[in-house]
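Consider the two complexes below, in which chain A is the common component and chain B and chain C are the respective partners.
Moving on to the complex of A and B:
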């Protein structure tokens, strides 16, 4: 069932531009969904696959967004073959640094401390950026230099959509390889019983730090694409607000699967787009998000995908099926 | 000298506000092991109660007295219906309480229409000692904070309820085996924590304008205070709040305010990392 859903989602994303070629606003919406689902995916790798409750995914997202904006402004350079890897490097290094501080060390930190650490990081960064004139303080950076490849500049539209979709496909393939590899098997073991894995001799915290850094890279890529696409980045792009939105995307879709965050992001963003026309609902949209999160957390922890896919399949199996001799 | 006294008074007043906010959070975190992300919104509800009573023409006093009761009852309802599902999973509890907080905050934002409302101080003016002016209301806040700390200490150390609370904290299983209903105790604790949040909100709203974000601005500092002081103790969160509060009030004088604000969080987090058990480890409740 799961591969069918994955295929269906990607097939839908591939045909979308052909169906909506004359509706630029809808193309923009779906591009946004793709970019944000990268962020949700990076949160899912932390929480769904390695048990780190990260309230700070937007930190890597936002900082990478600011970095590409500043590179565009001060160096007048925005070639995607260099800036997107740079964004991934920034996000990955930042996440690795935070992971070393929060996770590694003689004493094993409690999961609550790690959650607060990521929250505090994002919160402190938001406050710092909001007061820092060089990066535009509270107003953020607008009119970001367009993402380019050679002489071609990407504006909102089908071409940008193609770049975003390619990024999502690559990241998805890499994540899928990761969680189905031998390392993914260790991660699955950690989810079941972290202490036991530690007694087996696995350095649980090192594995967590690795996945966290990888997730930071993805969040960085997502943030760079988001900045280029919006042409704007501001302090709220790296605060706890966006981080928790990513949490809602992921949990609503179904954490612990890779396709879940993509579905969750699409469902919530499309719903928000449809409902935004009604004034009464738009004002209380955050309340609806809160109710969604509460219902998912209390009654349906496996999210939307849990309605379709059995938990046996969500957890998955490892290695090739061999006949037992 | 004058400046030093004035400065010390300001730090003390701000620290008292922090302590008030943190006490309720610390009580809940110690007893049930969950960090209540909706705490800031309970503070907001306390502030909103005062605003409502002054809007209705009753003045601020009835609102001030009603706030702990109203917010405590709301806390009781929340605990009985939702929060008690989360006791076994602290991380899930964070998400659940975050969702509750989001719902409350955005509803209040809708009710306020996005405006800032100022509430007059119930006792305005200032008194002077030796030529120095002190705000009466800030002095009241300091006095009430001290009274609340003393009251909670006596409640925990001298009454039979306090004994049961300490027992349930020490060993919930054994407490249940002794016939203490931990379920009731948890409901009571949550109600009490919520009432403290309501009181804090009602007391601080004249100092800050009422907006939907009045509670959330203290939340991250409050969490760090609880972890800094040590979960599971009574003195811990109070000392933690005093440390974070005075750091936050003092640091802007040393480095530029832009840097001071985030630096408070980084310093507090670094200390928690190095000393995860908190300041207070001996003589747990």
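Moving on to the complex of A and C:
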């Protein structure tokens, strides 16, 4: 079932620009969905696949977004073949640094410690940036130099959409390779019984740090694309607010599957877009979202995807001999 | 040189001395039974050897290395393996994947990411499952196994990385007499591969498979010796009559 859903989602994303070619607003909306689903995916790799409660994914997203904005402003450079890898490097290194501090200490960290640590990181970064003139302080950075490839500059539209979709497809393929590998088996074991795995000889915290860093790279890529696409970035792009939104996308769609975060992001973003037209509802949207999340967490912890995919399929099998059932 | 040498180990929980100056020596290739009444410190001792907690004082030497303060993953890499009293198979994974997980622990990060040993280990996984009569359950979830089968799976997993010393805490707990008998049969041949420290309540079971016994009572060693020596020890008799 899962491969069918994955295929259907990607097929839908491929045909969307052909169906909506003359609806720029909708192309922009779906481009946003694609970019933000990368952020949701990065949270899922942490929480859904490795049991790391990260409430700071926006930190890597936001910092990378600022970095490409500043490179554009101060170096007048925005070639995507260099700036997108740079954004991944920034996100990855930042996450690795945080992982050394939060995960690789002498004592085994509790998930509460990690949750507060990442949350605090995001919060501190947001405050710091909001007061820092060089990066635009509270106003953020606007009129960001357009993402370019050679002489071609990407504005909102089908071409940008194609770049974002290619990024998602690559990240998705890499993540899929990871979670279905023998390392994915270690992650699956780890999130069920961390202690037991240590007695097999696994350095559980190192595996976590590796995944956390990889997720940081993905969040960084997402943040760079987001800055370019919006033409703007601000302090709230690296704070707890957006970090929590990523959590919601993921849990809503279904954590522990790679396609879940994509579906969750699409569902929530499209719903907000539709409802934002109605003033009466827009005001209450955060409340509605909160209630929906509560309902999901309480009654459908495996998210929307849990309605279609059994937990057995979600967790998967890893041996050479594929299970017959 | 002994494979395992526990010297003067104490473990203090607040006012309670769960272990009170334990000495224990286990030779390579022997089965060593640990007996004693409930609460005498058997599990606490095994956990200290495995690294689940650190002893308050004392030292533990394993294979000529001081492992007293080593993290569990390093002990495992040095050849120590265990099954705790509470079974901890990974219930959401298949029986097959449980064993694969135990077997592949020596692989490096890159090799795991590239699934280098997936094909190669297949035969070993199935061999381990056959040995413990679980081959036809390979595709079932570990959580679907009976309690006794889960114990076997755990032993199979603990043996998979070819340890030098295996620690088993009550492997027949909750088993039927028939399952118990089979467990004894399954354990006997592993003597060729590794030494064993086993905690068991069932005295007949442990007498049958062990070479030596150590009796614990209230965190102290009451006696150590061959099965015959311990059986003839009046103090041991006393403990076991007291318990009943």
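Please note the rule applied: the second predicted complex is superposed on the first by the 320 of 325 C-alpha atoms of A that agree within 3 Å, B and C clash if a C-alpha of one lies under 4 Å from a C-alpha of the other, contacts with A are read in each partner's own complex, and residues count from 1 in each chain.
Operating definition for what follows: a residue touches a chain if its C-beta (ideal position, glycine included) is under 8 Å from a C-beta of that chain, and two chains touch if they have at least 3 such contacts.
No experiment lies behind these values; they were computed from the predicted model shown.
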Taking the superposition as given, does A:178 touch the first partner, chain B, the second, chain C, both, or neither? second
Which partner chains sit in contact with A:312 here, chain B, chain C, both or neither? Use first/second/both/neither. second
Once chain A of both complexes is superposed, is A:198 in touch with chain B (first), chain C (second), both, or neither? second
Does chain B (first) or chain C (second) touch A:186, or do both, or does neither? second
For chain A, what residues appear in both contact lists, the one with chain B and the one with chain C? none
Please give the residue numbers of chain B that touch chain A in the complex, ascending. 35, 82, 85, 90-92, 94-96, 98-103, 105-107, 110, 220, 223-224, 227, 257-259, 261-262, 265-266, 268-269, 272-273, 276
Interface residues, chain A side, partner chain B - complex: 53, 101-102, 105, 107, 109-113, 115-117, 119-121, 123-125, 127-128, 131-132, 244, 247, 251, 283-284, 286-287, 289-291, 293-294, 297-298, 301
Would you mind writing out the residues of chain A in touch with chain C in their complex? 177-178, 181-183, 185-186, 188-189, 192-193, 195-204, 206-207, 210, 311-312, 315, 317-321, 323-325
Please give the residue numbers of chain C that touch chain A in the complex, ascending. 50-52, 71-74, 76-77, 81-82, 88, 90-94, 96-97, 100-102, 104-107, 109, 111-119, 121-122, 125, 138-139, 141, 157, 161
